[in-house]
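Before we start, here is the structure in question, set down as structure tokens.
Chain naming follows the written order as A, B and C, and within any one chain the residues start at number 1.
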Amino acid sequence: MLAACGSGSGSGAGPSRQTWTDVRARAKGQTVRWWLYGGDARVNAYVRRSVKPALARAGVTLETVRVTDTADAVSRVVAQRRAGKTSGGAVDLIWINGENFAAGKRAGLWLRDWARTLPNARYVDRGDPTIARDFQVPVDGQESPWSRAGFVFAADERRVPDPPEDLDALLAYARAHPGRVTYPAPPDFTGSAFVRQVVRAKGEDRAFAYLRALKPYMYRRGRVLPKSEAELNGLFANGQVDLAMSYDASFVLTAVRKGQFPGTARPFVLAGGTLTNTSFVAIPADAAHPAAAKVLANLLLDPRQQAIKADPDVLGNPTVLDPSRLPADARARAVRASRSPYLLADLGRPVQELAAADVPRLEARFKREVLR
Amino acid sequence: MTSRPGGRRGDLARLAPASLTVLVLFGGALAGAVRTSLVPLGGPPGLEAWRALVHSPGFGEAVRFTAQVTVLSTLLAAGAGLALAAALRRRGVVARSLLALPVTVPHLLAATLAVLWLAPGGVADRLLGGLPVDIVRDRAGLGIVLVYVYKEAPFLALLVLAGCGPALAEREEAAAVLGATPWQRLRWVTWPAVRAPLLLGSVIVAAYAAGAFEVPLLVGPNFPATLSTFAYEATQGDVVTGQGQAAAALLLVSGFSVALAAIAVRFARDVEGA
Amino acid sequence: MPLATARGRTAGLLLALAGALLVAVVVLPPASLVVQAFADVWRAPALVPQRFGTRGVQLAFGSGGAGAALLTSLAVATVTTGLALVLAWPAARVLGERRLRHPGPVALLLAMPLLIPPYAVGTGLTEWWLRLGLAGTAAGLVLAHLTLVLPYAVLLLLPGFGPGLRRLEEMGRAAGLSGVQRLRWVTLPVVRPTLAAAALLCALVSWSQYGTSLAVAPTRPTLPVLLLPFVGTDPQVAATLSVLFLAPALAALVVTVRALRVTT
């Protein structure tokens, strides 16, 4: 079972190892341009301190291109495609998932059949539905997993010692404390995820009835919603609302470290199940340095890197690796409990994401039925 | 009347570098935007994107709201700009530096500052213990108008002041000597000098207010949205097909701005009789 | 007589108050950025930050790459302004001296980049630059900025030229001055304030340019491109970068206004 070395698990170990040597040889001396979300200082620091040097040891230079939104990176690939470029693209690797991945897959933007050829892919449980499908869209080897996310909420334990246990309790709390609850408006990433969380818990029609019922008791009577998670965090930090939320399970830790949230903020999840997703890295088909990009993707799956990432002092992100497939010592490191009041040890019952095609439909329905 | 060597051909030659630059660089970009709105990635050309745009929920309100915010911002900025120019006409360096300060602050920063100061929980709220009126994120778009006036009134004032130099002061004095009343001086001497830069500047301000998305993104309401926010959100949804809709929305705004500019140029020319 | 002076005094006081309020509105918000840049913790309802620190500066210059972005912005702004003024000068001359019978279409063409939303220009330029092979290059960045700055250059140089200047130049020619001498002793001194104002605004437009810079050369970030992802997500770093952004702009402003004072 724990065939950590030698032929290992995974298809065609012999030939793929030779090809991998080719890839590594080709990658030496290349620069990989990795486009990723730039607004999280801790991710930037992790990439600079851990990933970049490790990659340099493999002879590859890392250049990060920080974007405000993954869509900006995908736009660039689309623009290149429109201009008729089929190689030498400026984007080598993108941190991506969900709708963005699905739209790119439909348009044939991503390199195919490479994720399974990575040596470290053997540590990943490909049978896990959250790894094999990205928002219900089959991954098909077009992207490699990197990070996990769970939708968590936050409350200040001084003001709200007893956070609501589920959505109905949340509605009751809003009724008892009008103007103290809000969520970002879709199509913001976090707001959209919150709506999906409600839909998963209640079913679509009842979910929208719930959101309409919640509206009059919300901050500013639900007529004005924050446009982004950052804005909601600002409201929470300034004590305007009592709840914050994020798809980043370690966001409370990050915000407290930033000095944004009070030290008494605590994360929690709702009983109806926690929306979870995996985020991946994808290589555009026209990338200039696909070999270097593959080496980077492989490095990101390295058990040591995943363990560093899971350390609450670094990022506190849960690992995408399957602990049962790791060698014993690596397993111990990965399973070490992240003991921090700002990180949840247990994210509750994971609930899978909806299909990527549903997301825009739900956002449009939200605009029509709730926002007006 | 050209006593300059080269005559008409010389004039065209002088206009060529700037015109060609704009034609090649910008013209190519504009053609690309039009193409994006008409040709989806990997599909046949068609009006899909335009149709989808017009039928999107909230499109009609977006058009009305954009027009409302643009007109209000431009008129208020022009009025304030004129007042500032008149007040600071004979002042010195310090006053003009202060006037130009908002011009150095880009719109994005100005909007961020507006949120920092004027939002609930912002600095003004903490100082005054509560603001009576919603300025940020209100449905009338007051926050947007405020940021644009903060930025553009000084810009317009500077344009106007650039047109009033010592030559104008001389002409005003000459008119006064000839017996013109203050009103007559204003109407026949000052206003014609001020009118052209003000008009041109206002058109630029209107075009910017109609088309930029950073300010409504930060201080504008969720609903109704502006056309530029529409474009931005379209690309956030489905990146591949959303670009067509975004391009269509922005070209719509451009059409309005170009029409406005053409009218303004025509108006200025008619009045000048040039 | 006493009533008139009393009223005059109240009017003067009100005017002074209005002026002070205006100054406060203009100066305080940017000043608050400096406070926020050094505020590790600043939450409502506190008027003064709860904790000061240099976290913002450390992050901005450390993993942020603020130094490189600053240099990129400076270089691009300088080159773009120079190019724009050179290209705009002859065109502004023709338009300013009212030598065209139909200036409308030319004016419209030159003003077009200002009438199209910056986001559309940015996306259109990316694709165009990709076809021309300019995407990601420093030259591509400069040309992209030039596209937006040139109209401002023409617009602001316009008032500097006119029949009056032409008469002076003709007098100079009649007096026997050569072309270069005319330029140096007649044209430049008269045009200098307009030139200074035009140079300043062109530099500012390039300095503040975000959408086009991001679209054309995201691997070579300018300061605004670096700044945007932090707005909202990390206010302290955003404030630090904002101060870094504003300081040179303000310095340029002061220098220009001083230069103007000498001539006006």
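One rule holds in what follows: a residue touches a chain if its C-beta (ideal position, glycine included) is under 8 Å from a C-beta of that chain, and two chains touch if they have at least 3 such contacts.
What you see is a predicted model; the values in this text were computed from it and never measured.
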Review point. Going only through chains that touch each other, what is the minimum step count from subunit B to subunit C?
Key: 1
Check your understanding: Farthest from subunit C in C-alpha centre terms, which chain would that be?
Key -> A
Revision key, fill the gap. Between the Cα centroids of subunit B and subunit C the separation in whole angstrom comes to 15
**Study point:** Geometric centre distance via CA averages, subunit C-subunit A, whole Å
**Key:** 39
Exercise for review: Quick one: which residues in subunit C touch 2 or more of the other chains?
Suggested key: 44-45, 123, 127, 131, 228, 231-232, 235
Study note, to complete from the structure: subunit A residues touching 2+ other chains are 75, 82, 234, 238-240
Check your understanding: What parts of subunit B, by residue number, touch at least two of the other chains?
Key -> 36, 121, 243
Study note, to complete from the structure: In the complex, subunit C touches subunit B at residues 23, 25-27, 29-30, 32-33, 36, 44-47, 86-88, 90-91, 93-95, 98-100, 103-104, 106-121, 123-125, 127-128, 131-132, 143-144, 146-147, 150-151, 154-156, 159, 164, 166, 170, 193-194, 197, 201, 204, 208, 210, 224, 227-228, 231-232, 235, 238, 242, 245-246, 249-250, 252-254, 257-258, 260-261, 264
Check your understanding: If you look only at subunit A, which of its residues touch subunit C in the complex?
Key -> 33, 35, 37-41, 44-45, 48, 63, 65-68, 72, 75-76, 79-80, 82-85, 90, 228, 230-231, 234, 237-240, 258-260, 262
**Study point:** Contact footprint of subunit C on subunit B as seen in their complex
**Key:** 1-4, 11, 13-15, 17-19, 21-23, 25-26, 28-33, 36, 92-93, 96-98, 100-106, 108-110, 112-114, 116-117, 121-123, 125-127, 150, 158, 162-163, 165-167, 197, 200, 203-204, 207-208, 210-214, 228, 231-232, 243, 246-247, 250-251, 253-254, 257-258, 261-262, 265-266, 269, 274
**Study point:** subunit A residues touching subunit B - in the complex, by the definition given at the top
**Key:** 69, 71, 74-75, 78, 81-82, 99-100, 103-104, 106-109, 185, 187, 220, 223-225, 227, 234-235, 238-240, 360, 363-364, 367-368, 371-372
**Study point:** subunit A-touching residues of subunit C, taken from the complex the two chains share
**Key:** 39-45, 51, 53, 55, 59, 62-64, 123, 126-127, 130-131, 135-136, 214-215, 218-219, 221, 226, 228-237
